[in-house]
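Each structure below is given as structure tokens.
Below, subunit A partners subunit B and then partners subunit C, in two separate complexes.
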Partner chain A sequence: MKEILNLQIGPVAFRIGSAWRAPIEALAKLYEGYPAPAGGIADFTVRLEPEKPWRRFVRPSVAIRGDYILPDAAPLPLSLGLLAAEMGMNLQMALGQKNWLLLHAASVEKDGRALILTGESGAGKSTLSALLGERGWRLMGDEFALLDLDSGMLLPFPRAVSLKNGAITVMEAEAGAARFGPRLVGTPKGDIRHLRPNDEAIARMGEGAMPALILFPRFGPAAAVRGVGQAETFMRLTQASTNYVALGEPGFNALTRLVRGVPALAIDYPDTATAVGLVEDFRQELAA
Partner chain B sequence: MMAARLLVRALRDPQGVQVADWNALVSAARAEQLLGSLAARMEGRAVPPRVAAMFEAARRDSERQRTQALWEAEMARRALAALDVAVVLLKGTAFHVAGLEASAGRSVGDLDILVPRDALGAVETALLAAGWEHLKSAGSYDDAYYRRWMHELPPLIHRDRDRMIDVHHTILPPTARPKPNSARMIADSVTLESGFRVPCPADLIIHAAAHLFADGDLAGGLRNLWDIDRLLREFDSPDFRQTLDERAQLHGLGSAVALALRLAHRLYGSPVADSRSRLSDRLFEPRLLARNGWGQEKRKALRFAFYVRSHWLRMPPLMLARHLWIKATR
Partner chain C sequence: MGDPIYIADSRDVRSVPLDGLTLIYHAPSGMTHIVAPPAPEILEALDAGPADPAELLRRLRARFEFEGEDAIHARLEELEASGLVRRG
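Entry: the complex of A and B
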């Protein structure tokens, strides 16, 4: 591969190779300040390569490949090369990660207590976690939460936050322009803009925290909170995990321990200010 | 040097091999589905911490795959118990069930079983009743193609467990020139203490060789050949070499097995009687090693040539033309 970038994100190291310079340049800029993996050794290799040999030059089309491949993954135009790189890293994690239980969830931490935010796409977990990350919490990650199989500790995976459509404006008011990637227009999910987590999130990316609360946020007409039972939480988290089945018994044991030990709440929120207020209330209750 | 060559060296001599580029080794191993085997082989060797963690995860994953393979075999046994039909487990599942050295770190995808041809209908009915479903829609070209021309039923998938089963009645398509003696393969299979049946050791090797050289386009060939190496080492003796030779003749696969043995010897140093290589072996070796340190397939022209060869071996020219025409135009 011609263009290469090695990236350490939390405990996971990536080697990203590309047939073009632009995606690697954009990625290096977005991940400025992230450490390089020790010894240059990566957990996963991502390849951005022409879908067909001539597609390197003619209407360049980026196929997302790597150690693990989804056969029917659609290629992206070169203008969305940064998104392709991000999707490539996600793909390796979703298909190949066997070290930790992987939850499709955002997570934040304060006073050593970690909060897991999970829910369907569009539930607002990225926005909410990014916002909390600017309001005194430490952003651990907006996409994947890594649960250690032995200790039950939650490990940070602070990738660039993937902001979509309306969330872009919300966060542009919170963080400096230097931390944003380019606005990617016309992606399969609408407009996307990436936000680099703040310095604290990056500096403490090696530091885990014990989970203290699981939240299932949802946009709703009025603020509402209800407790979620252990059985329901367990089922919802198995659906939110990309590797629960692949881990077998250790995955079951880790998830059972999490669900038994940590309370879970479903919250409806009409606007982000309400959601942030609710989360602060929960934190004070947990601290009390 | 192709990273696949480094992978072969690492499997062959895990303690002594010099690894300058771990990324290349790991990516090649993943692409060839050999990371689990590599992790098993390198157990106890000092490796960089991140590699140690990857190997640890790979070993855990192998354990899980083993459990799952045994469970699928058990599910099939229960589904077919009432039929009074000999069911022989094949490939990876057979290695795991029999506890062979070839099973160390071996990944298992589908469950492959061999049953007598005249029992196919009853087996299919019993599997459908026990929750397996057709993957290809009945009456489609693919479905009809399997039933008429293949050595197995159209693949079935279990509706709850999402696992596939391939039901074979012989080990090569009926259109291929060699005609393996599947009745003998079943009759001479070994019944284990657990009650499961697996092919006799020589037939395990012959099946792997048939799959590699008389049927497939050599995709996944390094793993196939690694299986063969492990089996050759585990069972090697003067008597066994003779048995292997005789059974290869019995199945009409003498040249495929001889080629497999020569290449296993060349790449992995397997113990074989006749290791003198032929000129044509020099085409097989670069094809088997056509993988670089980014996990990419290289030597596209050679790969394509072997793809064409696989179809040529599998069916007569007119049938091949018709098959490729339908595949290309639908």
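Entry: the complex of A and C
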């Protein structure tokens, strides 16, 4: 592998290798300020390789490989090499993580209380968590929340936030240009632009927090809040977890403890300002 | 031919009540089940040892009001299909 970047994100150490220089340069710029892994041993390896040896030069096409691979992962054009690296890191986590219960969820923290935001793709959890991260909350992660099996604590995984389409404009108004990666046009999910979490999120990436509230956000015509029962919450979180089944009984114990100890709400919101307002209301109720 | 004897291996199971329902983790299969009454009560009654439906009904009625015999057969069939009980 010609080009290599070692990256510590929360408790996980990655080694990303690439046959091309450009994706590694873009990644190093996006993750500026992130620490290198202590001890230099990676938990996961991601490799960006030519789909076929000759395609390194002729219409280059990036295949994502690593310790864990999806056999049908489609190769991406080299212009989307940064996206390939991000997808590769997500894939290694989703398929290979066995130390924590992995929830496909965003999380933020304030006053030691962590909020878990989960929902289907497009529910706005990335945007909402990124926005809260600029409005006095600490962004713990926009994609994966790591639940410690023994302590029940939530650990940060603050990789770059993946903003899509309309969310790009929302966040460009919130954060300085230096924290953004290039705008990736024409990806399978439309336009994507990555945002580096702020300095506090990076500096405190080793610091977990106890979960205090689970939110299921959803775009809706009007603001609405309803309580979600424990059994429904459990079911939705097993669906949101990529490794619940693989973990067996420790996963069951960790998840039942979470849903019995932490309230859950479904919120509908017509715009992000309303959602941020609702979250602030919840925070004040939790603090009271 | 008499009714079969049913067995529940309680050592293989972790159960947690969650607002009126019960979550059951079945270690041998690694599967999680969400069950409604009277399934948890039936499993609990089988803790005392293997039993045929008539004996099971006696155990259940000692502690709960329980519907007729048809119901116990139907529930046992469901629990058997889910792997939580087996025939002895």
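Everything below uses one rule, namely that the second predicted complex is superposed on the first by the 288 of 288 C-alpha atoms of A that agree within 3 Å, B and C clash if a C-alpha of one lies under 4 Å from a C-alpha of the other, contacts with A are read in each partner's own complex, and residues count from 1 in each chain.
Following the convention adopted for this analysis, a residue touches a chain if its C-beta (ideal position, glycine included) is under 8 Å from a C-beta of that chain, and two chains touch if they have at least 3 such contacts.
Here the structure is a predicted model, which means the values were calculated and not measured.
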item	value
Partner contacting more residues of subunit A (subunit B vs subunit C)	B
Partner chain(s) touched by A:66 [first = subunit B, second = subunit C, both, neither]	first
Partner chain(s) touched by A:17 [first = subunit B, second = subunit C, both, neither]	first
Partner chain(s) touched by A:229 [first = subunit B, second = subunit C, both, neither]	second
Which superposed partner A:42 touches (first subunit B, second subunit C, both, neither)	first
Touched partner set for A:98, first subunit B, second subunit C, both or neither	first
Touched partner set for A:253, first subunit B, second subunit C, both or neither	second
Subunit B versus subunit C as contact partner of A:238, first or second or both or neither	second
Those residues of subunit A which subunit B touches in one complex and subunit C touches in the other	248-249
Residues of subunit A defined as touching subunit C within the complex	229-231, 234-235, 238, 244-245, 248-249, 252-253, 256, 259-260
Residue ranges of subunit A in contact with subunit B within the complex	1, 13, 15, 17, 37-43, 45, 47, 49, 66-68, 96, 98-99, 246-250
Of all residues in subunit B, those that touch subunit A in their complex	22-23, 26-27, 30-31, 48-51, 53-54, 56-58, 60-61, 63-64, 67-68, 294-296
Parts of subunit C lying in touch with subunit A, wherever the complex brings them together	14, 16, 18-21, 23, 25, 27, 30, 32, 34
